[in-house]
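Each of the next two complexes has chain A plus one other chain: chain B in the first, chain C in the second.
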Partner chain A sequence: MPKCKYDWPEAGERRLIGKRISRIDGPVKSSGRAKYSYDVNLPGMLCAKMLGCPYAHAKIVSIDTSEAEKLPGVKVVRVIQGPGTEIQWEGDEVVAVAAVTEEIAEDALSKIKVEYEQLPHLVHEEVLTEVGDRGKPAAEIKSGDPDAAFKDKNSVISEGTYGASVIAHCCLEAHGGVYDWPDENTLVTWHSTQNVSGVPGQLAEALGIPAGNVRTICNYMGGGFGSKFGPDRWGMVGAQLAKEAGRPVKLMLPRDAELKLAGGRPSHFAKIRVVAKRDGTVTGWESDSWSTGGPGGGGMPPIPYVLEVPNRVMRHTSVATNIGPTRAWRAPNHPQACLLTMAALDDSAAKLNMDALEFFYKNAGLAGERGEIYRQELRIAADLAGWKNFWHPRGDKTPGPIKRGLGMSMHTWGGRGHNSNCTVTIQPDGSVEVALGSQDLGTGTRTVIALSAAETFGLPIEAITVRIGDSKDPASGASGGSTTVGGVSSSTRRGSVDALEAFLAKLAPSFGVEASALEAANGYVRVKADPSQRLTWKQACAKLGVTPIQASGKNPGPCNLISSGVGGVQIADVSVDTETGLVKINKFVAVQDCGLILDMKTAESQCYGAIIMGITYSLFEEKIMDRVTGRMLNPNMEFYKLAGIGDIGEIIVHMMTGPGYDERGVIGLGEPPVISPGAAISNAVANAIGVRVPTIPITPQKVLAALQKGGKA
Partner chain B sequence: MSRKKDKPRKTAEEIAALSRRDFLKGAGVAVSGGLLAGDAVGVAAPEMAGQVLGPGPVPFKLHINGKAYKVNLEPRVTLLDALRNHLDLTGAKKVCDRGTCGSCTVLLDDKPVYACGVLAIEAAGHRITTIEGLSHGDHLHPVMEAFVEHDAQQCGFCTPGFVMSCKAFLDRHPNPTPEEIEKGLGGNLCRCGTYVGVRQAVMDAAKAMKGGRSHA
Partner chain C sequence: MEAFEYANPTSQEEAIKLLAGEWGKTEILAGGTDLLSLIKDGAACPKRLVSLKSVEGLGGIEYKEDSGLRLGAMVTIDELMSHDDVLGHYPALAEAAEAIRSPQICSLGTVGGDLCQRPRCWYYRAGYGLLATYNGKPLVPEGDNRYHAILGNAGPAYFVNPSSLAPILIALGAKVSIQGPQGSREVGVDKFFSTPSAEGQREYDLKPNEILTGITVPPAGGAKMAIYEVRQKEALDWPLAAAAVVLNMDGQTVKSARVVLGHVAPVPWPSPEAEAALAGKAVSEAVADAAGQAAVAKAKPLSMNGYKVQLARVAVKRAVLKAAQGGA
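Up next, the complex of A and B:
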């Protein structure tokens, strides 16, 4: 059967795919030359700041900006939300100021007087009985016969309460950008975004100008994690201030606003009962979950996660709070669902006195067609973690205050590829450019684009110029849900194959053969049957005269270049100081499949990074809210804590490759490895100290409380 | 609401192509190049000693990467804001703005400092080295090369600060142990989670820097 012409090369023919390639924008980043949105400085540029509401729930009564307007250096004062508006979280933006310096803009904010009528707020939802009428029944799903499963006399029931608090995105490059109007009808935005091609349309609609008149440029962006898809209020306000001032405006959120406003992962809590046969077969699940994502409440997590327990009933309550707005957070809802499920199942295994590895291995069949992949991964992960040597039944019985434990978890994610268009150009001077309105969040998008083109043209990766980060280039999708690598690599592959085909057709006469008899390989264009008949790539391009070859590439398109659906297994090895409550990561093992890996180096980086982010949300991260004032108590980086270089232990990443994996095509990797750390670490802590710390982050205080409670029981 | 228009119009293409020189010209900053190490450094500080300065702008000089910059800034302006907002040296990043994350790390007389925690006027009279001063054209500092090789960067926003800290750390610990690395580089935070690469990069850069190559 003929191979589909755009297919990725077979294993033996790959020069670059699957190798360890350094990211192509590494030098420009490490030398500090990469210009992020925050770094754009334009002549005459103003600095904008926004005044936030100090209350978690309030109505604006009056606003007086007169003193601010009088301040020398202040150019525009703009009310964002006027009197009568009901504010739903602390920090929500009320007035914006643009001034000649950052300091003057700050001064101006302090001169604005806003009168509020305070309204009752709720910023704590971890105890469902305390949320009053803010909690609303939201869903009930039933499958099989859970009642019968729980009544079975030969089965064992375990139960517990588990949860994950609301956390922030904490992108190191804050949200915002630089906004400029070259003329009354044209807007240029250097907006920090995961959605270069999508921002102009959203802004244009709101501003009432044609979408084609808005251009978004984002060459480098300092982290998004799901929180930078839209223009956002600050994008709109920045554009409006710039128009009113007739000067460019930079509006970046300060760190406190970034943490309060610019993201938030919904909380998920659940009271869960699991029933299993004495041999470890899980037969039933019952959960009462609740969550919040702010004033809109929160939806039901996808539980039971990964493992489809046959008899199950899930009830959910949505809790409306004033904690702040919610946004997609890397693998939306999966880390929380994973924690709830894998912790409850791990408790079931403990109740059965079973080895957790054996228990999960036995139940992997509930994962459907991916069951066998999970079993393979469980075996590999257990070996790498030294499970046989270091795992023990609940509670480390060795003397001394430091207790060690191991815990595991399993996760899944989709993938596929977003819609992507690109232009591939071969120039007579030998240069090759791929251009598309995509963005590189730090995942290595530029690098996989270059790699896909270089592989196709038989050129070194340095020979490819990648132009992304400009909405003037062919539209490519937003970077979210691990869809980018699939989208951009396949559009690039298709565009490159077509460009090469056109190129070879043009060269065929000078070789005196059919185009199909030619190939591009190792930097040459040559006759397949007689490789000594060849031209260097540059010589061949020179034959184009003055006309470049250009082709468009698209995704979706013909041939199966991408796919969807991955499984991963992770094991945490921790030590817990039972005197201080401190949890230390000794070792963390991640085994992950993601189809055909384009660049092994950046793929592994995604896993390392996701695990470190996972360690952070498992042990440190939380929006700490003050019950009395409704304010966030830690809107800064000394108390909204990220793991440091000394907090992560040894991390081992094992990528599943080869037959059974490669032929599936490319699958994204941004989300999967960030899902399991919460559950794996929670299970490891329970294994170490013998009791479950019910919620993450697992702070020293919670560890000590769990020990105290466990000791009494 | 006030409305003041005083900007010369440029096309989108012109704006996109604006250089640092255009920005500095607009900002009224004077640069004198060719400053030798130690030359003229220390002049500005004694002049100001004992005076009450501000709150309005104060003229002084900053010595950055071997060049002297005359600036006129309010005393409350941080070194970080002076670099980024007034001198268009944007390698140092503004992230936490309160001395926690290390993304704005620069060297003050070879000592790493958080530029957000130093007033620009305090830095007068000191030798300031920013990430821009650590590479020359295509010639990267060994720490930068090691960051590329070990993929010690993802979004890259913490990276310049991390590189500066690593450079300063290696100057003091040419043969670092893993424990020293964890302690010595604990003042730089990364959200993407690049620490595994950073640990390898530091060990590798330590070897390269002992290879007898001289660097800024």
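Up next, the complex of A and C:
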């Protein structure tokens, strides 16, 4: 018996929890029946397009929309940013047009005349000495006695420069939506969002209507990664255009705008010195970091990452650039901090001529209370990657141009459940519905909601109907910070336990026992002490007559269903062609804990997806900015490269489960596994070729440059 | 995108009449995989598209032992890469087609279109013109030229020829057939491409009212052949450098060689220097490497593309070794 009535079932009593269960929306998605925002087409709907500024930094002098307004089929032309506005990045929206077709809207944009006064731009920050007065000292943090640590004669100092460029989110489903006013005070939005319950309030305030009059619907969405929390300018403009036109409006970003405007992960670069004792114990850290997150500059990354080096000093410079806006990108700042730290520490291990596994194992204690988890994970990851057989000291000495190497990294994340409300309804016809204003970003949220209810009711997962994606349902949190699974599974569990309790109380008289003597299991309601006294679920529900049972579930709430704080270890096994600089992933091992795993299959899928995304940002992704024009040169999927199936190698995922993990409750997993790939791959490349490629993405150009600089070409 | 007229002629004569006498007014639509994106990006604004889809006499693959291979211009990349005679007699040509990778492009894209597609230069595609100027100055030397030319790049053209098939077709001695108002003509694929010296000029020898009707490839006569592409990604990705090699052997010795580089210059780049380095030699790692070095001896990289010199050299070396070992 659980100690607290809402607790997750004990290990022996779990029917669905921890099993490999396929996504319940798999068939509807793979058959194309799932409708995304882009698929919504309403009668009389207009198409909207936005004109972006062609300069990275400019002041708007004048705008003439008269020619566009005259074009047949154009219904509304709306200036978004007027004369006098200072534009800080290329593509920033200046005017919007709603027209009867996409083509007319595009033509109208070409007829708008905007005069700009160009201002100096900065779109490169990777060399700090070249940023001029755009760089501002932002922070200095000191702890312990780094000077003494670096002066210690028996210690070894290593140093290097490391970094990660600005990348985009590149959501495969672009940002935007469809906006419709059924009457002048009511707005319905099919807005692609990670925040179904949160969008209406943000829109309503700006539009001057009550929040309750705005409804947001997002049944399916194709990726957000932290970039789809708000209504955004296009959501606001879409709603305004629709109101003015008196017709529904579709405003989805085209691919180039998606890459220029709708995301962006800040860069992080750092010159780092690490000092360690000859036995490998890391004692000191000194870093001078810099970063950009656009015109507002960029903050200090959380370095040293995971491992709390006792004596440390970190100085940071914030660089204001015109590269574009940035947003939270899957585990904000962690992948960059992880790369800077784990690459610098790996270089320290190499300088000490130590096996990196031994080095990280030795220093895992600096991770505090999770040190032992990291040690367990390091052992498992090393076994799965064949570390003993394939790791070698820096530089693969086998003949031929192809060099193989292994590299590792460790990461952490929080992941506690967000606030969530749901309604659980048992209908007299036997159907069960869970409804909440949450969203499934493609992560399996629908499936874990169904699973949590099905486990509680003793029903197969197919017996549960999940209704999410509508802000008119009970409010549930935004999907950010890996908090969704914790939030929605606990509200569903609590609501389901309460609904079941009420249901059994109704049935108790007809069984002639107390409600507490009944249970729901294997599709029956039965007497615990005599399971032969039973009704099928459907028969039992029929006894409700015409009145459904309904209960609300909440998170937070009683009993400990969730917690936070995870650790993971990843190992990359790569081959580098030293004649061409091409890096191929042979194998990638991810070992991850995330507390109690509800659905093993979707948990593993999260890791696969994260690793593919991680390989992509490690090898391919980069917002390539033109120094001369200030524009993004690769706002397309031709040169903004993403890994394909042939580029990812073999991925091995091992989830930590059982005693020590399960009893912690549910912890989110969306972000942790995407953190380490940059560091693990960078370290593997260094292990293969004997020199460090300082920054990601690790392109052939950079590999060949590093080999040449290191005298290994 | 400006509105345009769509013409669907059924004969070559009719198609030619529908084409304007100057560039820009009309464009030829074959598979459309390049043209439609050019129009969407605003890099092409034709008033009329002349589709070749229904035009007679532009399809078909024929092979004869004495005259070799004839490809209709509208043969798709898919048809080319899976045709038995191509696979059997010109394996490197089939491999070059297969290396395009994108199922969509292979299914719709044509061999004529592969030769006539426009460069992928990101400045050109962003509307700065094929010669990419900004405020009257050339953009490429000052800008991001990581994918631009390392050979034949004295200016004002810095883009690279994007064709996947041209290097191997040139190495095989292929010719293109061209039909115009004055009748038909044949041009060697090596002569078909040229480097424009002024904006508005095209990078191939086709007049605005001519159509490319087919390609003939002479019999390979037992030559060994291979291509090698250095691509960052396995899936659709433009090569950073590529090489096509055809070796006519006398026992273990190279009697004569054709070496053509791709993606390194505004035109497919035949390398007589590499060919000379191979002639009369038995192929070894050292000989292949010497050919690679010879191929790039005159390379003058721009500010950011020095790495491509190394990649071109390796592409030649590996194509030579692959050819010598039996080819594609």
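In this section, the second predicted complex is superposed on the first by the 709 of 713 C-alpha atoms of A that agree within 3 Å, B and C clash if a C-alpha of one lies under 4 Å from a C-alpha of the other, contacts with A are read in each partner's own complex, and residues count from 1 in each chain.
What we mean here is this: contacts are C-beta pairs under 8 Å (C-beta built on N, C-alpha and C of every residue); 3 or more make two chains touch, one makes a residue touch a chain.
Given the structure is predicted, the values throughout are model-derived calculations rather than measurements.
Visitor: Who does A:Phe620 touch here: chain B (first), chain C (second), both, or neither?
Guide: Only chain C is touched by A:Phe620; chain B is not.
Visitor: Counting touched residues of chain A, say whether chain B or chain C comes out ahead.
Guide: Greater contact footprint in residues on chain A: B.
Visitor: Pick one for A:Glu638: touches chain B only (first), chain C only (second), both, or neither.
Guide: Both chain B and chain C are touched by A:Glu638.
Visitor: What is the contact status of A:Val685 with respect to chain B (first) and chain C (second): first, second, both, or neither?
Guide: Neither partner.
Visitor: Would you sort A:Gly646 into first (chain B), second (chain C), both or neither based on which partner it touches?
Guide: both
Visitor: Where does A:Ala705 make contact in the superposed view: on chain B (first), on chain C (second), on both, or on neither?
Guide: second
Visitor: Under the stated touch criterion, which partner chain does A:Glu103 make contact with: chain B (first), chain C (second), both, or neither?
Guide: Touch partners of A:Glu103: chain B and chain C.
Visitor: Using the superposition on chain A described above, determine whether A:Val282 touches chain B (first), chain C (second), both, or neither.
Guide: The answer is neither, since A:Val282 touches no partner chain.
Visitor: Look at A:Thr443 in the shared chain and tell me whether it touches chain B only, chain C only, both, or neither; answer first, second, both or neither.
Guide: In the superposition, A:Thr443 contacts chain B only.
Visitor: Return the residues of chain A at which the contacts from chain B and from chain C coincide.
Guide: Common interface on chain A, chain B vs chain C: 103, 638, 643-646.
Visitor: Okay, in this complex, where on chain B does chain A touch?
Guide: My answer: residues 1-12, 14-16, 18, 20, 22-23, 25-27, 74, 76-77, 81, 84-85, 88, 90-98, 100-101, 103, 130-132, 134-135, 140-141, 143-145, 147-149, 151-160, 163, 181-183, 185-199.
Visitor: Provide the residue numbers of chain A that touch chain B in the complex, in ascending order.
Guide: 22-23, 25-27, 29-36, 38-39, 41-44, 47, 65, 69, 74-78, 101-103, 170-174, 180, 182-183, 186, 188, 215, 217, 220-223, 225, 244-248, 252, 254-255, 441-444, 601-602, 604-605, 608-613, 616, 636-638, 642-646, 648, 651
Visitor: Write out the stretch or stretches of chain A touching chain C in their complex.
Guide: That would be residues 103, 106-107, 110, 579-582, 619-620, 624-629, 631, 633-634, 638-639, 641, 643-647, 699-701, 704-705, 713 of chain A.
Visitor: Could you pull out which chain C residues touch chain A in their complex?
Guide: Against chain A, chain C makes touches at 1-3, 42, 120, 122-123, 126, 134, 139, 142-144, 146-147, 230, 232-238, 240, 304, 307, 310-311, 314.
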